[in-house]
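The following blocks contain the structures, represented as structure tokens.
What follows is chain A paired twice: with chain B in the first complex and chain C in the second.
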Partner chain A sequence: MEKSTLTEAASAAPVAKTRGHMPAGLNVAVLGPFVALLLACIFFATQSDRFLTGGNLSLILQQVAVVGVIAIGQTLVILTAGIDLSCGMVMALASMVMTKLATEQGLPPLLAVLCGIAVAALFGLANGLLVTRIRLPSFIVTLGTMNIAFAATQLYSNAQTINDLPPTLTALGNTFTLGGTAVAWGTIVMLGLYALAWYLLRETAAGRHVYAVGNNPEATRLVGIPTQRVLLVVYVVAAILYGVAALLSVARTGVGDPNAGQTENLDAITAVVLGGTSLFGGRGVVIGSLVGALVVGVFRNGLTLIGVSSIYQVLVTGVLVILAVAVDQLSRRGAR
Partner chain B sequence: MKQIVPNLAQTLVVALAGLASLAAFAADQPVIGLITKTDTNPFFVKMKEGATEMAKEKGAKLMSAAGTKDGDNATQVTAIENMITAGAKTILITPNDSKAIVPALQKARAQGVMMIALDSPADPENATDALFATDNYKAGVLIGQYAKAALGGKPAKIITLDLFPGHPVGAQRHNGFMKGFGLAGAPEKSSNELGKAPEIVCSADSFGDQAKGQTAMENCLQKNPDVNLVYTINEPAAAGAHTALQRAGKDKGVIIVSVDGGCAGVRNVKAGVIAATSQQYPLKMASLGVAAGVDYAKTGKKVAGYTDTGVTLIADKPMAGIESKDSAEGLKMCWGK
Partner chain C sequence: MSALPSQAASSSPVVVMQARGLIKRYGHVTALDGADFELRSGEILAVIGDNGAGKSSLIKALSGATVPDEGDIWLDGVPTKFKTPIEARRAGIETVYQDLAVAPAMTIAENLFLGREVRRPGWRGSVLRQLDKKRMLEESVARLNELKVGIRSMTQPLETLSGGQRQCVAVARAAAFAKHVVIMDEPTAALGVKEGGMVLELIRRVRDRGLAVVLISHNMPHVFEVADRIHVARLGKRGCVLNPKKVTMADTVAVMTGAVRPEDLPADALAH
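Let's look at the complex of A and B:
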């Protein structure tokens, strides 16, 4: 009897805590990046008449699709108070697996893609098992798998780019016309995945469990939620998303590039942090990561349009990251 | 107790290695070190191939090492120290950081080791005994001249996809291209600043990377859709530019020129993706370096100054008055797969 009351109390605690936090989180941490994005767009629209065209906006979405999809996986991991440093390298390995199997081994393209995603998922499984079973910090585990995936990519590909891909592999790079604007299928995939992730995190029990694990793992475990299994699933799902990002990257560039992924690693974390997701776990909205990726993409594109070196985009990104983390920290202090 | 066993083993290994190097000295076999920027770039794979072949031919012992990634200075410094300890009297190096490597170079030379820079100079250039490298300015001049002829008097609207700010190789190729094309205000060879001209409507950094080159080209195309000539720092950037043009439906009327001469790049010349590229020869840099090292070990005579390892214009549509070789010739001399 007493035990059940305890369970109820514990059960109410993390959920109430998350719900209580969400609107506040939305206000400060998520509206902030939206405002930054909006201001950047207004600024570039006044500076260049080519910025606010359908074609250009569609282009920016295409350019952030790869980082955007990786960032969904990264958001899941960061929501559980972890971090995944292996994301870009796992993506690169998956892209080499799918392109090499489809060309040199002559596998049917769709099967090759599935193999690439499966290899990514294996890395996610390894990350998840090491974090849950041996209880190593995710930072260290994924630092290790990042290096392993990088070496595996170089060894497997012999550092050679794979050309002449079958059209199926590059299909997501093709465009269709929507209201006179060419939109890439890859953009649609990214937006679809964001909608799906947003729905799952917000509306399903499994999604709430991800927040709960990040907020208070001990209370979550006491309620009877299998925290270890939640974590394992998060790492595997994240890695599957890196595999999908690999396909988008292949489709966009039309090649299997062994040097891909090296900047995407930190770019994805940057997007998540810019989007207002807390590095301490348990707080954040996945759409914010898309906004974070777009902020970077808009600056890179806009600065080129007005003829300014894109190195300033890197500068602006640095300032915004610090701002985003500072806002998160201050709002946390306020909540206490 | 358990700790002692691996320690013993380690000591044994070190002792054996010491004996082995003594044996090398006894046989009077010249020891030559090769330190490349990275292990993975096909350019340096070819360089190592050239060094290995020449070492075999001349009966020298070759040791090699590489930075872990572009820009990694610390690993290269460690490699220099280790190679000197192992008895190297000549070390060939492609500096990852042309300035940061200088103290390590000076220390090595003070111990009587001949240091030769391959492909990129140290800064200052005389921090090494000698430099065996491509003349990057000339490489730019050649494709600039070709582009001028290929455009045939049409007013030029040029996009340049450069390396990244402040890199001497990036500046030399860019400025050489301007010089060859005959643009007013082309900077001289010694400049590390990218030249500007009204004909260059958009310049963006590609970092020599295909995906980043594509993104840079897409953004430039938004600004200047009426481009007719694209200069690219290397062939991966050129391939990225081509993909961007293709997606925009503009791949027919635009000329792309580049530098490197990697096999993938030369095949892109054959396929008509790249109009012309300046080919450089990493194999030659390394084999000249090893030969110089063997010479130094035998005669005590060092090489000095700059040796141009040559550059050849590869193009399948030759232009009157401009010397070039076709892609079939280029493929015989290319590097990578």
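Let's look at the complex of A and C:
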């Protein structure tokens, strides 16, 4: 009789059964952005003949590449229940470092790129150390480093744009032809990084630990996972991704722009939130951030095609962000 | 290796874990004032005590969450000094904490294997670091079946379970990986009557599989339901060890609060 107590109790709890069919992580917050993207595409396809052409779709992908790569790093940070406000500014600083070193200092382009990414990584290290060692909230830390990176960019560049870049720095802006459509190499880099991040987060212990830290840092520490190291690595890897995004930005615009990164800063957070990753940490899928970035990109592109002021795109993005966070909040309340 | 106290000479049961003269001070407060502790294999030892009696400081010292200022701890007769919970875990001591979930949004299988993930054999595991999800899933099912925890799907997020089921997963996780000792800190505190009973039943099953269980609880009926011996912490020391079969709940509470001295209890109330 005693033996059956547990099984009885378990079968008496209907929650376990009814919710059991859904694989972990697949819920409205994850599927929502796909539906939003699909609806937006259908809408613009009916409004403009040019929308669904290969050239236009390739252009959208190229346009979202910079925000898309930053959003990967931002996703990692947000999954740990943190936020990185410095992403865009760190990217801008990295792009100035690589362009300036490659032109004015005459460094080999590849070395210049590595130096730019290294500077970004140092900012990530600073963010990570302040968050883990001094236990400051990530919001405050990255608000500070955002301003520091911005000031450093302006001082270092004298607010001057860097022109006449060596071709290596802009190589990722070049295109190749795929089925009659020109595809930028930068797009391929972005998609490759998403695939890599998706694999690491889903299939490796290190990736699962990122989720665990975002879920319940104290319990995760007691389980024996070095949570501080996980956090530190996340901030550094995120910053390295901002450095890669800097290269994509330089390749796309063909210049080192000291005022880059200003829209990307919040656009990346928008993309992550739109993609269904919870700001409370521990929930979300990195591919969602790509979808989130594409939603913003599609609206920007589509509204331009049908001749609507770009202000409406900003308006729509604002509404979508609030909607996405509301859905996250409500689904969490439903799941207790 | 330093000499063991000869205290266990008369009694035959195997002592799994032992502590002598543990002292822990926090500033002017002495939380542990020469506390002793003895845990035998295959028993449930309840640890009770008033607030400030040194109960949680004792448990923290045993589980590696704090390092005592003085005193010795032996595990299987070997002197040990844990500096972190991770070291204690490596030595085969698992702790279940009161807060129910480990990672609520992650699946049950993932929670069971968190921090001890199994990678795929061959190059996919060593080069690509790929997890062997299938094997972890199968082992999760096997482990929970062994302990007769009736949860249908290991791939549902932990948060879809009831509080009692979540605590069962936490206990099962500890039991599955503990080599020597499972320490449970108020495992039934947040649960209702039926769910609490479910967890107690599971704790008994863990004991029956040969593990030594330390149960910290405020709930006297629960303590009397499952404990083999009761360690009463008092004023930073071990007040006494009681035999729940021979002592009343009222006397136990009286000793715990200091209303009655252990010496004034009937002689057979003390456990040996």
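The working rule: the second predicted complex is superposed on the first by the 311 of 336 C-alpha atoms of A that agree within 3 Å, B and C clash if a C-alpha of one lies under 4 Å from a C-alpha of the other, contacts with A are read in each partner's own complex, and residues count from 1 in each chain.
Just so we're on the same page, contacts are C-beta pairs under 8 Å (C-beta built on N, C-alpha and C of every residue); 3 or more make two chains touch, one makes a residue touch a chain.
Here the structure is a predicted model, which is why all the values come from computation and not from measurement.
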Exercise for review: For A:G307, select first, second, both or neither according to whether it touches chain B, chain C, the two together, or no partner.
Suggested key: first
Exercise. Once the structures are superposed on A, label A:T220 by its partner contacts, choosing first (chain B), second (chain C), both or neither.
Key: second
Next item on the list: Would you check which partner chain A:T142 touches, where first means chain B only, second means chain C only, and both and neither mean what they say?
Entry: neither
Chain B versus chain C as contact partner of A:T204, first or second or both or neither
second
Task = Applying the touch criterion given at the start, work out whether A:T161 contacts chain B, chain C, both or neither, answering first, second, both or neither.
result = first
Inset, instruction - Mind working out whether A:T99 is in touch with chain B, chain C, both or neither, as first, second, both or neither? - result: neither
Footprint intersection on chain A (chain B / chain C) at none
Interface with chain B, chain A side, in the complex: residues 48, 50, 53, 55-56, 59, 62-63, 154, 158-161, 163, 173, 175, 249, 252-255, 257-260, 263, 300-301, 304-305, 307, 309-311
Note: in the complex, chain B contacts chain A through residues 39-42, 45, 164-165, 202, 204-205, 209-212, 214-216, 218-220, 222-223, 236, 239-240, 243, 247, 264, 336-337
Given the complex, residues on chain A that touch chain C span 2-3, 5-11, 13, 15-17, 19-25, 199, 203-206, 208-209, 211-212, 215-216, 218-220, 222-225, 282-283, 335-336
In their shared complex, chain A is touched by residues of chain C numbered 85-86, 89-90, 95, 97, 99, 101-107, 110, 114-117, 119, 128-131, 133, 148-153, 155-157, 159-162, 164-165, 168, 194-195, 197-198, 201-202
